[in-house]
Amino acid sequence: MNEENKKYITKFPVFEREVNYYETDMMKIVHHSNYVRWFEEARTYLLDFLGYSYARIESEGFMIPVLSVSCEYKKPCRFGEKLKVIAKIDSYNGVRMKIIYEVWNEDLTELRVKGSSSHCFVDKNFNPVIIKKTVPELHRIFEIAKRIGDKIDLI
Amino acid sequence: MNEENKKYITKFPVFEREVNYYETDMMKIVHHSNYVRWFEEARTYLLDFLGYSYARIESEGFMIPVLSVSCEYKKPCRFGEKLKVIAKIDSYNGVRMKIIYEVWNEDLTELRVKGSSSHCFVDKNFNPVIIKKTVPELHRIFEIAKRIGDKIDLI
Amino acid sequence: MNEENKKYITKFPVFEREVNYYETDMMKIVHHSNYVRWFEEARTYLLDFLGYSYARIESEGFMIPVLSVSCEYKKPCRFGEKLKVIAKIDSYNGVRMKIIYEVWNEDLTELRVKGSSSHCFVDKNFNPVIIKKTVPELHRIFEIAKRIGDKIDLI
Amino acid sequence: MNEENKKYITKFPVFEREVNYYETDMMKIVHHSNYVRWFEEARTYLLDFLGYSYARIESEGFMIPVLSVSCEYKKPCRFGEKLKVIAKIDSYNGVRMKIIYEVWNEDLTELRVKGSSSHCFVDKNFNPVIIKKTVPELHRIFEIAKRIGDKIDLI
């Protein structure tokens, strides 16, 4: 990660995460399935940072289910390490949203995992919802978050 | 496990379970937290065997939450092993139920884990329910299952 | 899934899987992260079927780590359902392997999840291994499995 | 929790933990199996606080496996909540150790879960180790931690 990006990242919501022992497997590394969960944690953290928690979104009757997820494993993470998970909104058009993720070591010198998730917006009965109309405040927040994310170059 | 018990066990619902790779940890054994989940699987299997699935119970508006759980680890389980999980109703009085569990190796010569869970019965709003009155068929099933279990000696 | 494919599938190793209660989330569906684990189970099942278990591979000093994984969620799975997970080798060249997956409902009428995983082959120290040379029997098995998989059309 | 205890607790290592979405189940509460994992996290946090991380212990060739675990569920935890997990050494004699746990809501007014775990000390080959002799520094730390814990009344 280049120096300019690193500086910018310090102002950006970066989710810090230690490895839990129960997340390791007999290869002595974090089992690959856990990163999908870390992505969810980083996504939740981003929403908290933006001032509109996912708990609030669900309590208001909306859900943001996952349509797809992808994960690329560059280097393993091990128990005892502190990692940094960066989540940024890659695209958002009011109906669909794509978030991209990077897991870095503590001093941002080694990329461990990259990934993405795509989402839609639904109500309690899984019927599609147009965020711009039904939750305009959240719509504005996603648009701002999208613009903030644009300033960070993920690999 | 003595020979008589072993013979009886063949007629009893024994849940067979292989170790999943993602259940191992960096000690190269099954992480201890997973056995609580295996107990739940064996409990679900027992209800299926008794002809009243837990999915049906919940679809009828009832839940059987866990009040407490305990687990004693005798010997570790490893990836590649086939285990046998025995769940039996230890006590049932229409309001509370205690289930006990044993995890054995494939040929029932080594006890790996023992444990127990205690439960109550509630409706959708977590209000207590008297099974005998509200779901008499299930009440009868639990009583029969209790009597069947009484014939098996767990350690 | 068309009728011809369905018939063929009956001869193919199809991993049957029920939903565990602990795999559901507060959306009352299987949490999306679990499918990556189901893929691993189906992969392990395929290797067992082929007569060369993953436990044996690791005991002989080799590992097949995951390089990337992807998952597309078509329709949710729910507690109480029996699912069918099909894993087939999509490509294999002795150095890399790609496996693709489909999760179907019990009677193969509804596709729930599709996905893929790509793998390399390493020794205990995570050094690359050329399977064709070091484990020729396994190499042959992967080539046969690839040809069998070619007869099944996944969507 | 009484006021004096609350005050003392502020000086004690209290592990703060938010609920992850993937830890909820279709009862819309944290699945009971996860608390055993939270206990492990709190235990790891306690060791970090004491200045001798569990990662260091394992890197020096020792392990602290779990012999038994118990968990009592008083009230459920839900997504969106911040919890406090208190882990204290209940007994330690150089060969065995018992740790007890309490999960409280954010302002320490509601006890949600209590539990315990017991442990032994082994080397890489699972052979028993006398901590006092082999890792005297860690022995001293456990003794101090035991005395600190004695000042806190858990329920």
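Think of it as A, B, C and D in the order they're written, each chain with its own count starting at 1.
In the analysis below, contacts are C-beta pairs under 8 Å (C-beta built on N, C-alpha and C of every residue); 3 or more make two chains touch, one makes a residue touch a chain.
These figures come from a predicted structure and were not determined experimentally.
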Checklist outcome for this item: Of C-D and A-C, the pair joined by more C-beta contact pairs is A-C
Checklist outcome for this item: So, in whole Å, the Cα centroid of chain A is separated from that of chain C by 26
Item to check | Intercentroid distance (Cα basis), chain D paired with chain C, Å | outcome: 37
Checklist outcome for this item: Going by residue number, chain C touches two or more other chains at 21-22, 26, 33, 37, 40, 58, 79
Next on the checklist: Which label fits the chain touch graph of this model best, line, ring, star, complete or other?
Outcome noted: complete
Item to check | Complex interface listing, chain D residues touching chain B | outcome: 26-27, 32-33, 36-37, 40, 58, 63, 65-73, 76
Checklist entry - So in the complex, which bits of chain A are touching chain B? => result 21-22, 24-26, 28, 31, 33, 79
Checklist outcome for this item: The residues of chain B that touch chain C in their complex are 20-22, 37, 40-41, 44, 53-56, 58-59, 79-80
